[in-house]
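Heads up, the next two complexes both have chain A, just with different partners, chain B and then chain C.
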Partner chain A sequence: MAHPTQLGFQDAASPVMEELLHFHDHALMIVFLISTLVLYIIIAMVSTKLTNKYILDSQEIEIVWTILPAVILVLIALPSLRILYLMDEINDPHLTIKAMGHQWYWSYEYTDYENLGFDSYMVPTQDLAPGQFRLLETDHRMVVPMESPVRILVSAEDVLHSWAVPSLGVKMDAVPGRLNQTAFIASRPGVFYGQCSEICGANHSFMPIVVEAVPLEHFENWSSLMLEDA
Partner chain B sequence: MTDEGGKNQGMKVMGILDIQNTPCARESILHGAGGSLVAGLVHFLATSRVKRSFDVGVAGFMLTTLGSWFYCRFNNAKLRVQQRMIQDGIKNKVIYEGTNLDPTQKKTGDQ
Partner chain C sequence: MYFSLSELRVMAEDIQQKLEKYRTAPFDARFPNQNQTRNCWQNYVDFYRCQKALDAKGVDTAPCDWYKRVYKSLCPLSWIEKWDTQREDGTFPGKI
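Up next, the complex of A and B:
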């Protein structure tokens, strides 16, 4: 999860997010080199005593500063497109979950085998137990089996919402009347937090998402318990 | 304040590039620094032009850093693919051992 004064991404919990992190490192290194070059040129321009008022054209430098940016853009675009298509792959999900956005909570439906559905409200600050995270905890978590492809169908019942979990590399708009699909694989067990990412009214900041990835047998036990309680 | 997974607060070059926690970053910057020094020094020794040698040094830094970065990241990506394949292979072996889906069993069965 996020920690105070954090600037970078959260640790990746899915293969797609790992790839996104690597691509980010790649793009940042290129940005760093360009920034270094520009800084050097600024210092050189400011500190030079040379002035030439009669330059009319200069073919060589024009060729360099046309071709070089094009090459840099290609070096950034190729891995970017690779990840873009990687993120669109849906590889035979083991489980499908519907995430419905409401004002101001999420509801989850597991309807592959039985009809399991529940609402997920934020735990108010005054009701937090010691060690729990303010504005991030929910009363019911969306539990998924780890290392299994999971498909999420996202929609909304009233206004626009957005279902986002940064450490899984997932964000999908919840549009009323539309069904959007996304998928992820949780590569390790853990609890992953997210927040609604589309302005949806007064309590937009208070409808978090909590995904708990557990081994398959724990997931089966949890779903049995939830069905009994329902 | 605790950091995620015990990571150190990395050193950020120019405030953006976290050298300690980004794979290959530290090696690339060090190679770049070395390449810059060598290129600038050689040019100066050959031409005795200070300013132009600095320009050559900066160009050398950029090219060496970029080259080292791409080479290291490419190898890193290959290792990650191999690691994932090995992980999947171990998982499949544990799951399918003793069943008719066991890949090792298929090979002995063909003999």
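Up next, the complex of A and C:
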């Protein structure tokens, strides 16, 4: 859940997002250290009256400032590749949900057993209940069982959209005529928000995504109720 | 690709077991990447081809149900409706 004056990522709600978060912290620390060092050197160079006009070459420092950056790059590359391959692992989903982008709402289809489908419109600001989030709440949420690998197939019925939920570490473009696959595991129960991430017309900013992760029995009850209502 | 009736019967039993334990479309090594469009298309087309072939033999078309479950899991409802209409009209782009 994003909050005002937030600096970093939202709390991770999936194992992949946790990895991405930690990698980001690691890479950013390296960036801060290098930037601080460079800034210090710049200030030190600029603010001294000493001059030295007789240095011609210096093998040792050249070696150091070649090897050290190479080592730092390896220290960044190794965790990066580890996560890249981790995200690419073949998973065995328990459930498939289709997220279809429309102008300007998402529709979700759960068709593994019955044909459950419903639309998910943003709650207009004047209809919000106290405590609800402006421009983020929807009338129907995409409910998923927690701790289960879920496959999401993203597509669009008109123009390009993009289905994104930052706390789950998911973003996938919705292309008409194409079925894009992504997957996630919700490591904890909760409500996770996202917004359409590809410009799609007048109400592009007003077609949010809400994923609600619940225990399996609650998910089964919810899907029975939704099927009855349909 | 022709099977004897007894082979078809054995296959049908295997498919029955797989169908009873069906949760969702499993990983298909023919479509390992992000773009699953062809996975949906292939299973849709395979179901109707299987049905046509087994009907022609006069055999029970239950083994074809695997393809049906998979395409129902993967394909958007609007695509299925559009293709069903095209098949009825005779304008379906695939060969069945």
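The rule we apply is simple: the second predicted complex is superposed on the first by the 222 of 230 C-alpha atoms of A that agree within 3 Å, B and C clash if a C-alpha of one lies under 4 Å from a C-alpha of the other, contacts with A are read in each partner's own complex, and residues count from 1 in each chain.
By our rule, a contact is a pair of C-beta atoms (placed from the backbone, for glycine too) under 8 Å apart; a residue touches a chain by one contact, two chains touch by 3 or more.
No experiment lies behind these values; they were computed from the predicted model shown.
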Which superposed partner A:K171 touches (first chain B, second chain C, both, neither): neither
Chain B versus chain C as contact partner of A:R151, first or second or both or neither: second
Which superposed partner A:N180 touches (first chain B, second chain C, both, neither): second
Which of chain B and chain C A:H140 touches, first, second, both or neither: neither
Which of chain B and chain C A:I90 touches, first, second, both or neither: second
Touching partner for A:H22 - first (chain B), second (chain C), both, neither: first
Which superposed partner A:H218 touches (first chain B, second chain C, both, neither): neither
A:E109 touches, of chain B and chain C: first, second, both or neither? second
Contacting residues of chain A [partner chain B, same complex]: 3-5, 8, 10-11, 15, 18, 22, 25-26, 28-33, 35-37, 40, 44, 48, 147
Chain C-touching residues of chain A, taken from the complex the two chains share: 90-96, 98, 100, 109, 111-112, 115, 117, 151, 153, 155, 157, 172, 177-182
Residues of chain C touching chain A in the complex: 22-27, 32-37, 39-40, 69, 72-78
Residues of chain B that touch chain A when the two form their complex: 1-5, 13-14, 16-18, 22-25, 28, 51, 54-55, 58, 61-62, 65-66, 69, 73, 77, 80, 84, 91
